[in-house]
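In what comes next, subunit A is part of two complexes: it sits with subunit B in the first one and with subunit C in the second one.
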Partner chain A sequence: MEIFLQYDLPSILLGTFAALACGLLGNFLVLRRQALMGDTISHVVLPGIVVGFLVSHNTSSLPMMLGAGAAAVVSVMLIELIRRLGNIESGAAMGVVFTTMFALGVVLLEQTGAAGVHLDVEHALYGNLESALWLEATSLNDLLDWHKLMLLPDEVKQLFVVTLLILIVIVVFYKEFKLTSFDPLLATTLGFSPKIMSLLLIVMVAVAAVAAFTAVGSILVIAMFICPAATARMLTDKLSTQLFISGVVSLLSGVGGYILAAFGPLWLGYDFSVSAAGMIAVTAGALQVLAMLFAPRYGILTRRWQQKHSALAN
Partner chain B sequence: MRMGGQKARLVAQQGEPVSAYNPDDNPFHVSGLTVAYHNKPVLWNVSYTAPKGQLTAIIGPNGAGKSTFLKAALGLIPRLSGETQVFGQPVKTALNKIAYVPQRSAVDWDFPATALDVVLMGLYGKVGWFRWPGKSHRQKAKKALQAVGMEAFANRQIGQLSGGQQQRVFLARSLAQDAEVYLMDEPFSGVDAATEKAIVEVLRQLVEADKTVLVVHHDLETVNDYYSNILMLNGQYIASGPVETAFTAQNLQKAYGGRLASTQLEGLKAKSC
Partner chain C sequence: MQEFLSAILLSSGYNTALVCIGAAILGAASGAIGVFILLRKRSLVSDAVSHATLPGVVLAFILGEILWGYGRSLPFILAGAAFSSMLGVMAVDAIKTHTRLTEDTAIGTVLSTFFALGMVLLTIVQSMSIAGQAGLEGFLLGATSGMLFSEAVTIAVASMIVGIAIVLRMKEFTLLCFDENFAASSGYNVKWLDRSLLILLVSVVVIGLKTVGLVLIVALAIIPPVAARFWTERVPVLVGISATIGALGSYIGAAISSTAPSLPTGGIIVLILFFLFLVSLLLSPVRGVLAAYIRHRRFQKIVHTRQGLLTIANGQPILEPLTRKLMIKNSYMCGDGRVTDYGFSVAQKMARDQELWNRFKELDPEAAHSLQDWSLRPIEEVLPYDVVSELETGLKPHTV
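This part shows the complex of A and B:
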């Protein structure tokens, strides 16, 4: 139990909070047909992260988050500007801004010597889930001990705060997000600015992406923005239920993915473990495939089965 | 006959104040509206005052800027010039008096929402920021669904409804908004006969309640039966007024050019006599 608490639990928490933060926001990205916005944002924030890091010299800090948020807002404005001035579609504008900002981030990273300190490309892709430790934990009671909990790695606490923040924003602005996602024109006539709401969404996505990506890497971040929401969409026709299901799917992926990564090879007789972040993404993908096949109304196999039966009944 | 109205409109078109009219009485007054997409003008200097408590059809050929007129007048899309007044107020501060019904294709019907959810959205303005709609809003939304004969489908996901039923949900949403001016973009496009009848009935009730209703309409055959007034556009203002005086072969020729066969014109003319 001690080993589990010290070595596994922090990683599980990290993976699960990252999955939750991205998975919940992903609902609105998927509904707005902007699923790849998560991808774009998780790349354009790099220059912001580097600048934030240069100011603070700390890899898990508020300045980095602020830098990322600012970079995201600047990017959204640049995309809009290029779209208007260049008269081109937003996908193309997104492509231009996304590569330029990412390249700027890489140049900054190389030129300023920040590359030495945990901010390298590999880290950015695969994350560093397994390095989270809680060596102070000795028994289950520590889970209820505030002082011991505060000794959890900074990344865990930070992701917890970000997840909580996202949950609060979604609950408070649920109606506004729903309306502006479904019918921006009506939203405008009712006085709910779709522009403000989508900017809020983008900033939240940037914050989630940054908080998650130092821990779990950008691959998992992108997977989590899309998979839980898309899975939940297959299972319900109600937005509130969809949000709830996507949360459950994120939890399942986070916990299940880590356990499969850490112990799966062991169960099969091998003596190594695989990348937890990768396994979490794979689990989320697998859950989505299951939903696509067996969902009660939209599942491919379910539909086939129903067609067969109704054909027989006729 | 109607010279007064004609004159007022002509003067308004030149952007000068008209002494004999009280702007507070005008539910929907547009002046000098010009819109361009990618440097190509779509609407050119259109001025129009909607008659209060009347049902007006906005007609014109494809690409005449009918939908653009509504959207630009509401400020939903950028305009080069022009302004809209609602009961004498700038439209921006009077949007709560307006219910806009977009074309059915404007939204994603796969969205996870029920018919009741969509109607409730019309009430979000009254609910206000941060607050969740309550029981009274729900009841109001149900009533609106009832008015269009859709109460049995309240809990159906909107993607599972037919085109006509979706249109009726949109209509119910605008009823729930409880506005003074109703602007509808092609509510009759692609609907079944039952829906068409239901919509016409609702439009009549709105007019009876002294609401001002403007409807983008495609089917010239039914203009006479459904509407009391028309506004005819073809990239610019062509004509407006009561159906009897403005819906003439001459105006139609002007708006549609060669696109209407002369036999069609004859038929319509015969109908309006």
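This part shows the complex of A and C:
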């Protein structure tokens, strides 16, 4: 139990909070056909994070957050500028910007020697979920002990706050988000500005991506922006239900993915563990595949089966 | 600097020269294929394609280790990469066509899930504790410094083959991008064409894995065509320019990164490509920002001069600063705002011209509408002599 609390729990918390923060926001990205905005943002923050790290020499610090936020804002503006000036579709404009920003980050990393200290490209992609430790924990009672809880790694506390913040924003602006996502015209006539709402969404996405980025890596961030929301979308038409389902899927992937990564190989008789961030993303992907195939109404196989059935009935 | 010059001039060793040339050919091929991907609005599919290579790369490595005790054979790894990225492309298409999810969601799902699977497999490789597994890391960001001679040759030859295939298929691809229905009705198998376009994309991505790395290889297929768009609208020219930009960027990037091990090839190539994109965006005489600004200024001057002269003809004062400046510069006005005799006479002519235009608009609104872009010019330069004189008879006699 002690080992679980000290080594596994902090990682599970990290993965799950990251999954929840990104998974909930992803619903709106998927509905607005902006799914790749998550992908873009989690790539472009790299140079900002590197610069922030060079300033502060600390992997979980305010300068890094600020640098990442600045990089995200610059990139969103750059994408819009290229789209307008060149009359280029947004996908291509996004492609130009995110590859360039990521390349800049990579070159900065290698040039400044930040690589190998605490930060490198593999870290940026895969994260460092397993390194979260809570060595002060000795028994289950510590979960209720405020002082002991405060000794959890900074990343865990940070992500907890961000997840809570996202939850609050979604609840408070639920109606506005819903209306501007489904019917921007109606929203405008009713006096909600779709522009402000999409700006708020982008800002929230950037905050979630940055907070999750250093802990779990960009690939898990991208997966979590898309897979839980897509899974939920296969299962329901109602936005509130979709949000709930995506939350459950995020939780399931966060906890399940970590357990599979840490103990899966052991159960098969090997004595190693695999990448937890990777396994969480794979679990989310697998859940989405299940939903795409077997969802009660929209699943591919379900539909085939229904067609066959109704053909036979006729 | 010395090293960079010798690398650029292909005189710093046979291997470096070969790597640079291989990168240039690869850049040309991916720039060319990228044009069609851009025109079909599928630029970000290439992102899914490149990320989806990772599980194939790692599985091929593991398989190679198990079968022959040697996993680093480049052709075998590239075959694995091609296989898994084809699977990825098919998955994107399947999700898009068979479920209610949109293409961007499909792309995101495939790229993150496939890449994550690759990550999991990578950690398995690490625990297998095989010597030489470090080579796999090179596929993420590209590494040309340790490239074997045979690998460089493989890359150069494979890019050449892809490039030739693109040139041979150019006409069909152009047709596919602009008029799919016409292509279908004139007997082309559109589905197969679309698929062959994606197969060529996958080949370029796979060939570029070792040089540019799988995270940044998409840039090679996206940035050159977007930059080329600023120079021309014609597809064959677009393909040519895009291929040139791709080749130039990759060549210079590879040369620079060969001078120091801490300069990751993929990153440098992408930054050079972005620089070429910026140059196109700003300086292209066709659609560049600078050219557009100059055109705008010229147009603004014509409009303001015309309006200024009409104001003078009406006997009203000119208050707008830019117009005032233009009037003084052309000596229609003195510095203190008095109108010169010369100014009066030009203004009278302009007023008459405007009257004729107005009359023409009244009599023949449709023709006037179609000539709208020309209506800032003197009317005699645009309309035939007899039409102008006919218009003139309807006006009051010219009084100066």
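Points to keep in mind about this one:
Rule of thumb we're sticking to: the second predicted complex is superposed on the first by the 304 of 314 C-alpha atoms of A that agree within 3 Å, B and C clash if a C-alpha of one lies under 4 Å from a C-alpha of the other, contacts with A are read in each partner's own complex, and residues count from 1 in each chain.
The working rule: contacts are C-beta pairs under 8 Å (C-beta built on N, C-alpha and C of every residue); 3 or more make two chains touch, one makes a residue touch a chain.
Not measured: the values here are computed from a predicted model.
Room for both subunit B and subunit C is found when the two structures are superposed via subunit A, with no clash between them. One of subunit B and subunit C touches more residues of subunit A, and that partner is C.
In the superposition on chain A, contact of A:Arg233 is made with both subunit B and subunit C.
In the superposition on chain A, contact of A:Ile82 is made with subunit C only, not with subunit B. Of the two partner chains placed by superposition, only subunit B is touched by A:Leu185; subunit C is not.
By the document's definition of touching, of the two partners only subunit B reaches A:Lys175; subunit C does not. Using the contact criterion defined above for the overlaid structures, shared-chain residue A:Ile245 touches neither subunit B nor subunit C, since it reaches no partner. In the superposed pair of complexes, A:Arg33 makes contact with subunit B and with subunit C alike. Think of it this way: put the two complexes on top of each other by chain A, and the tightest Cα contact between subunit B and subunit C is 7 Å. When the two complexes are superposed on chain A, the residues of subunit A that touch both subunit B and subunit C are 33, 233.
Touching subunit C in their complex are the following residues of subunit A: 30, 33-36, 38-39, 82, 85-86, 88-89, 91-96, 99-100, 102-104, 106-107, 110-111, 121-122, 125-126, 219-220, 222-223, 225-227, 229-230, 233-234, 261, 265, 270, 272-275, 277-282, 284-285, 288, 292, 298, 300.
Interface of subunit A with subunit B (complex): residues 31, 33, 87, 172-176, 178-179, 181-183, 185-186, 188-192, 233, 236-239, 241-242. Put simply, subunit B touches subunit A in their complex at residues 38, 71, 74-76, 95-96, 98-100, 102, 106-108, 111-114, 117-118, 121-122, 124-125, 127, 129-133, 157, 159, 173. Listed in rising order, the residues of subunit C touching subunit A in the complex are 38, 41-44, 46-47, 95, 98-102, 104-105, 107-109, 111-113, 115-120, 122-124, 127, 137, 140-141, 215-216, 218-219, 222-223, 225-226, 229-230, 262-264, 266-271, 273-274, 277, 281, 287, 289.
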